[in-house]
Amino acid sequence: MSIQLSIRGMAKRYKTGEGVSDINLDVRKGELITLLGPSGCGKTTVLRSIGGFLKPDAGDILIEDRSVIALPPEKRPTSMVFQSYNLWPHMSVYDNLAFGLQIRKKPKAEIRESIADVLRLVRLPGAEKKSPAQLSGGQQQRVALARSLLLKPAVLLLDEPFSALDAKLRHEMREELREIQSQTGLTMVFVTHDQEEALSLSDRIVVMNHGRIEQIAAPQNIYNEPESLYVAQFIGKMNFLEGVVEADVIRVGELAVPNAKRLAGPAAVVAVRPEDVNLDSGIKEGLPGAVKQIMVLGHYAEVSVNLGKHGIIRSFQSKDAAQALSLGQHVRVSFAKVTSFPKE
Amino acid sequence: MSIQLSIRGMAKRYKTGEGVSDINLDVRKGELITLLGPSGCGKTTVLRSIGGFLKPDAGDILIEDRSVIALPPEKRPTSMVFQSYNLWPHMSVYDNLAFGLQIRKKPKAEIRESIADVLRLVRLPGAEKKSPAQLSGGQQQRVALARSLLLKPAVLLLDEPFSALDAKLRHEMREELREIQSQTGLTMVFVTHDQEEALSLSDRIVVMNHGRIEQIAAPQNIYNEPESLYVAQFIGKMNFLEGVVEADVIRVGELAVPNAKRLAGPAAVVAVRPEDVNLDSGIKEGLPGAVKQIMVLGHYAEVSVNLGKHGIIRSFQSKDAAQALSLGQHVRVSFAKVTSFPKE
Amino acid sequence: MLWYFRGIGKRKIVEFVLLAAFILFFAGPLLNLVVLAFSGQWAYPDLLPNQWSLRWWRFVFQQDDVVQSIGLSFLIASIVTVLSIVICIPAAYAFARLRFPFKRMFLFSFLLTHAFPKMGLYVSIAVLFYKLGLMDTLLGVILIHMINVLMFMTWIPTASFRSVHAAQEESARDVGASPFRVFRSITLPMAMPGILVASIFTFLNSLDEAQGTFLVGMPNYKTMPIIMYSIITDFPSSAGAVFSIILTAPTILLLLLSQRFVSADVMSSGFQVK
Amino acid sequence: GSANTNASSGGSASAPAPASSSASPSKADTVKFDFYFSGSQNVKDLWDTLIPMFEDQNPNVKVNAVYIPSGTDNQTYNKVLAAKKAGKGSGGIDLVEDGIVTVTQGQEDDVWEKLSAGSIANLANVDAQTMTDAGNMAIPYRSSAVILAYNSEKVATPPKTMDELLAWIKANPERFAYNDPSTGGAGSSFVQTVLYKDLPADAIHSSDPAIMEQWKTGFDELKDLGKYVYGEGIYPKKNQGTLDLLNSGEVDMIPAWSDMVLQQLAADQLPASTKMVQMTPGFNGGPTYLMVNKQSEKKDAVYQFLNYVLSPEAQTVIVDKMNGFPGIEVSHLSQEVQDKFKGVIEGFRTFNLGDLGTEINKRWQSDVAAQ
Amino acid sequence: MIKGRKEAVLGLIMVSPAFLLLLIIVVLPIVQTFVVSLHSEDGGYDLSRYAFLFTDRLMRMNIVFTLKVTVISSLLVLLVSYAMALFMSFSSGKLVDLIRKTYMIPLFIPGVIATYGLINLLGNHGWLSRMLLPLGIALPRLIFDEKGIVIANLWFNIPFTTMLLTSALAGIPASVIESAKDIGAGRLSVFLRVIFPLSYKTFLVALTFVFMSVIGSFTAPYLLGPNSPQMLGVSMQQVFGIFREQEQAAAMAVFTFLLCSVLGYFYIRSMAKDEAARM
């Protein structure tokens, strides 16, 4: 598929010294790319630059192979759902939604119909006459989403569009978004802080850190093969243990794991996802530890095990398995799968 | 422990007809209560009434056994973290934080110090001089949180205080909140749309629906024993199947589950959590179905199985178990645990 | 008495005192005018006139210029208001939002219109108007009215525009509105309270202007204040009182009407979002 | 009220069509010129009477009288001056009626035409001294007197001389008021009369600055008087200001223009108990002048009109309507009128101090008002 | 920076119609007046007319008096107007509605007439003293006194200033005030720390307008004020109209303007400041 949006060597520095730099990203047509990263890492900055609300200090932005860097926001074929809704307080919901269509000189009947449609879609049927001040936080957010969706832009920019929605609604919205995308081939750049959302929704995830891109990859790859300690730390839960490099293996106490990346040593960090941590009470192998805490989190449980000098390790267990354990019980810990990184 | 906050028969109706009614809630000292419910159900309305920003139409609100219903916000011993942060745009972060302390006539040196402390706590050390406009969404939210924390109110009201934070930071903040609570015995009313947060953080959860309270209970109880179909639907994922009441059992196709609640029938709804759905390829028992979709979500996978006339059922499986399955494969479905509700 | 006040609460008392002060101070002179307008004889120290009369009402309405001049005044005031909006609002917007050279100097220059006493300027202005052929023309009268309000129409809207959030403008740009459209549909309505204030002021100022009108417009454009001046200087205050009531009534009517149409209270409550 | 029977003065009010006389002479031989005058209603009534009378006799001249409400009257002069500076001729103003200040100012700015009996025959009837005082550039077509107005219910025997008046003021503190001299002629007349009380008789026609030395005693007197006048040193603004005080009963005696008192008595605006008295020597009166714009292109017509205004016929009307003194010498009027002035005219004096008038106001402002 | 230049051109174009009007009709005559004010008595050019303002005892008194009245009036006007604006913006009820509907009416009364109304009300034998007479209260002297001028200034300026401030308060989101109340700020703190800073710019505009209209006022001080010292406006009229000293009057006008400019400067500076902060 063709490249719909291309960001080349973009940089933007605020007066305070913060900002983003060295942003390179190609988004294919119909792709949904997620920007993921800690608060303040520059996600909104990238999005606003694409939308035309910030003038980057360097670099170029191309949409459908045309540079848009010199275009004002209204001339760019993008539409943005802002992090802080930005509804117009002096207009009703209807007018908020109709404004963009009126500019595009759509006939009145069509406008009315598409507004009714999109309000149904965001689960706010009949809210046309209300004013933004009469809406709850999540309702405002959905109106803002509806406003952008109505415009069918070439690139849709979404800055945490579901942050105020409950899980159920968020799921429904995600599915609606997917649906719209499959119908219209919409290209989306999506900012979220919700990993699960990023993992389940995105075609590819861009992990950012301190104004830079750390890794761009498909969700599974990001999860399974984080390229850096940072990404490993950030995506999903991860246990980190110190190990000693011994040629082909890295040794963590009595346990040896393969040195797949051929790290130089002498020290390395071994990373294990909680679900890859096995707990056995019978076998002799593995690191010895004692169950410290059991926290049942919905359909699974998080079991923390004290490994003595190796610190505390967290393991996900099914509810049943967890309930078979008791606090203080001695267990042996082994790893189904590990990744390793050089020690920083 | 003593009751810190008590809401009695509160009702508030907006001009549009929406609002809340019949709100009764006792919060003990040092307790963290979560309001959970879909967007627009009235969570913010309840919180704003406690804070004094809305005048309820009926009912009373007591804090430490004194009615505060007639007091203006500034006289109430509450502090609120607003859903939309509400920082003062013309003040620096320092001034935003210092304002409340200055009103309480704290000495300058003490103010400076506690601001430095609280900024470290919300992971924004050294941000004193910045203005709100120079902060990212998540940073603003953290400043708003810091502002309320500084005041050590009798009741802290938090309206989705972590909605703009990434998982890592959110975890850290939660733990800091817990830490502060254990140190100061802070009483908190917490609004969130994040179930996991509610389940892991709260002492008790208040589930709201359409302006009314559906259930108040500890997280495990809410999860395991939802009182209504609505709560079951809203908390966690849940599969619903139609069943036929036959005295002691409810029959779903070839499967019979116990009629624990002694429902009258003829029809009933059987609810099963995905993690309680077992999939077996060998045994004869259980409902026959075919694997429709396998979605790996971090450390676990969601497997959808088509049950024919019983619809589609979702099951959580460990990653390994899921990978052993293939699309279209025939499986037998059985339930480890079910709840049942009368059919509406 | 005291128990009564205690009974109705502190807030009510405060409100009552406020109202009393408000009425005494603002309505006092006005009520006085109304009473005066209907008074015949009013000797000291009587609280009310000892003789009521409609004599001055008859008198004012017999002045054949009065009705015509009221019409003319309202016409001129309307034109002045519209024209100054057209000319000044773009300037105010530029001051509020755009960067251009000498901006501060331009903004400052509008201070001149008001801060500089016009007494000494009239001859120079008249010379200029003669040269430009504006003397004794409607355009001339309108222009001379406009210079009185240039400052109000730039400074006040500038302050209003600046209080409109950039974010709201941004989202309008985002849906594809041109800067002009953003201005018309977003910025302008949100800055409306301030602009309304400035416009009302412009209108009233124009209704009240006499010196400049006389200089430029006499004898062809005899506006209301010119007639008024002669009435209040040559006749007892009763005539002036009648005149000001006649003069005020239509404007107040207009005000009340517009309050109904300009949605309840643009002026007072503003637009507020949680 | 509305004695607006004359079409030429009433109709031009707000018609946007330029009614400027130069543009549209209706008949080839008819000249229409513009005459700006200001003042109270009685002035307006006067011209509304005189102009038709003139036009009946002079069908070739039409007078477009423009009534300038007080309060905006300064602008007439500004307009004349501006038109001249802009090189636009008369600016549509051919004849102006105003007080001595405007006459003097116009002399400096050279906007008034010099007048002579050659073009206006009846000018011969006017006192030559008065014409010279005005530099022959303005015609004092009428005069009013300043008198002492008092409340006869409170004051049984009004003072007859200046010294008696001063004594009365001191004997009745806060019962007398005179207005700020720079805001109205009545007060100015009082001040000047006090200043020249003990000076040689002909000093009132001298504009020689040397005389300023001799004002000192007069000003000391006025300063001292401050304690005894209304409000212990309050001088109301404008002639009307003191009349209001008399009307409301706050004072019992004031210097005032005779014509204003008479008119307001007639209109019930002053209590019927109000009486007037002239002192000896009298307060100075003041003429009102007519000036011809030097830029005017219709001087002949204007002269024709002025000639009529100075005719005994017109002057008789003026005396009747204005309750004032004629602009021409009384001897030219009918016996009946002469009889009417018998006993009054003797006390009537005109001061012609030229620029000294302004000097007095300045000095009053700093010595008396700001003591 | 292409964009910057375009913006500059656009800005200049938008300002130019108003500015041209201003330039021709106001600025040029003012420049002329300024030149006139430099004429000395003996025909040369110097600053003697300005020196006179400070050397002449009377003038000095007038200037001090004018400043005193202006400062007192401006302070009172702003105080009352802010109070009224706040009251109207943040209270509700019948009373507020009534005030909201009527407070503008004084704006519609021509200045001269209102001044007469005030004289009739406050004068020695005025309505107020008639009302208080039975109660045995004697009013202090209000008319022909600086108190009279101040009262008139309040009457004339409060409605407009209130209107202006109300419009500014309308722009302050309720949420910002709510959060201030939440942390326990009382009315005064909320006002001083939140409302005032957020309406500061309009406040400066209002202050400038009040200051200008008071300092240059004529009708009210002329009819209500003492004979001496005079407000500059009255004195200027006297110097120009009665004493016919055009040059001196011009110098007074320029001086008045300079006084007003000081306030104008604050407004423009505050704008420039947050402009710098915005980048």
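Labels A, B, C, D and E are assigned to the chains in the order they are written; within every chain, residues are numbered from 1.
What we mean here is this: contacts are C-beta pairs under 8 Å (C-beta built on N, C-alpha and C of every residue); 3 or more make two chains touch, one makes a residue touch a chain.
Only a predicted model underlies this, so the values are computations on that prediction, with no experimental measurement involved.
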{"item": "Excluding chain D, groups that stay connected where the other chains sit", "value": "one piece"}
{"item": "Best-connected chain pair, where connection means C-beta pairs in contact", "value": "C-E"}
{"item": "Chain at maximum distance from chain B, centres defined as averaged CA atoms", "value": "D"}
{"item": "Whole-Å gap between the CA centroids of chain A and chain D", "value": "91"}
{"item": "Rounded Å distance, chain A centre to chain E centre (Cα mean)", "value": "57"}
{"item": "Of all residues in chain B, the ones touching two or more other chains", "value": "44, 82-84"}
{"item": "Per-residue overlap in chain D, given as positions that touch at least 2 other chains", "value": "71, 248-249"}
{"item": "Per-residue overlap in chain C, given as positions that touch at least 2 other chains", "value": "44, 124-125, 128, 190, 229, 271-274"}
{"item": "Interface residues, chain E side, partner chain D - complex", "value": "57-58, 61, 112, 123-125, 141, 144, 222-223, 226-229, 238, 241-244"}
{"item": "For the chain D and chain E complex, residues of the former touching the latter", "value": "71, 74, 101, 104-105, 108, 180, 182, 231, 233-237, 248-250, 358, 361-362, 365-366, 369-370"}
{"item": "In the complex, chain C residues that touch chain E", "value": "15, 18-19, 22, 25-30, 32-33, 35-36, 44-47, 87-88, 90-91, 93-95, 98-101, 103-104, 106-117, 119-121, 124-125, 128, 143-144, 146-147, 150, 152-156, 158-160, 162-164, 190, 193-194, 196-197, 200-201, 204, 207-208, 225, 228-229, 232, 237, 240-241, 243-244, 247-248, 251-252, 255-256, 259, 265-274"}
{"item": "Of chain B, residues touching chain E in the complex", "value": "51-53, 72-75, 78-80, 82, 84, 86-91, 99-100, 103-104, 131, 144, 147-148, 151"}
{"item": "Residues of chain C that touch chain A when the two form their complex", "value": "167-168, 170-179, 181-182, 185-186, 189-190, 271-274"}
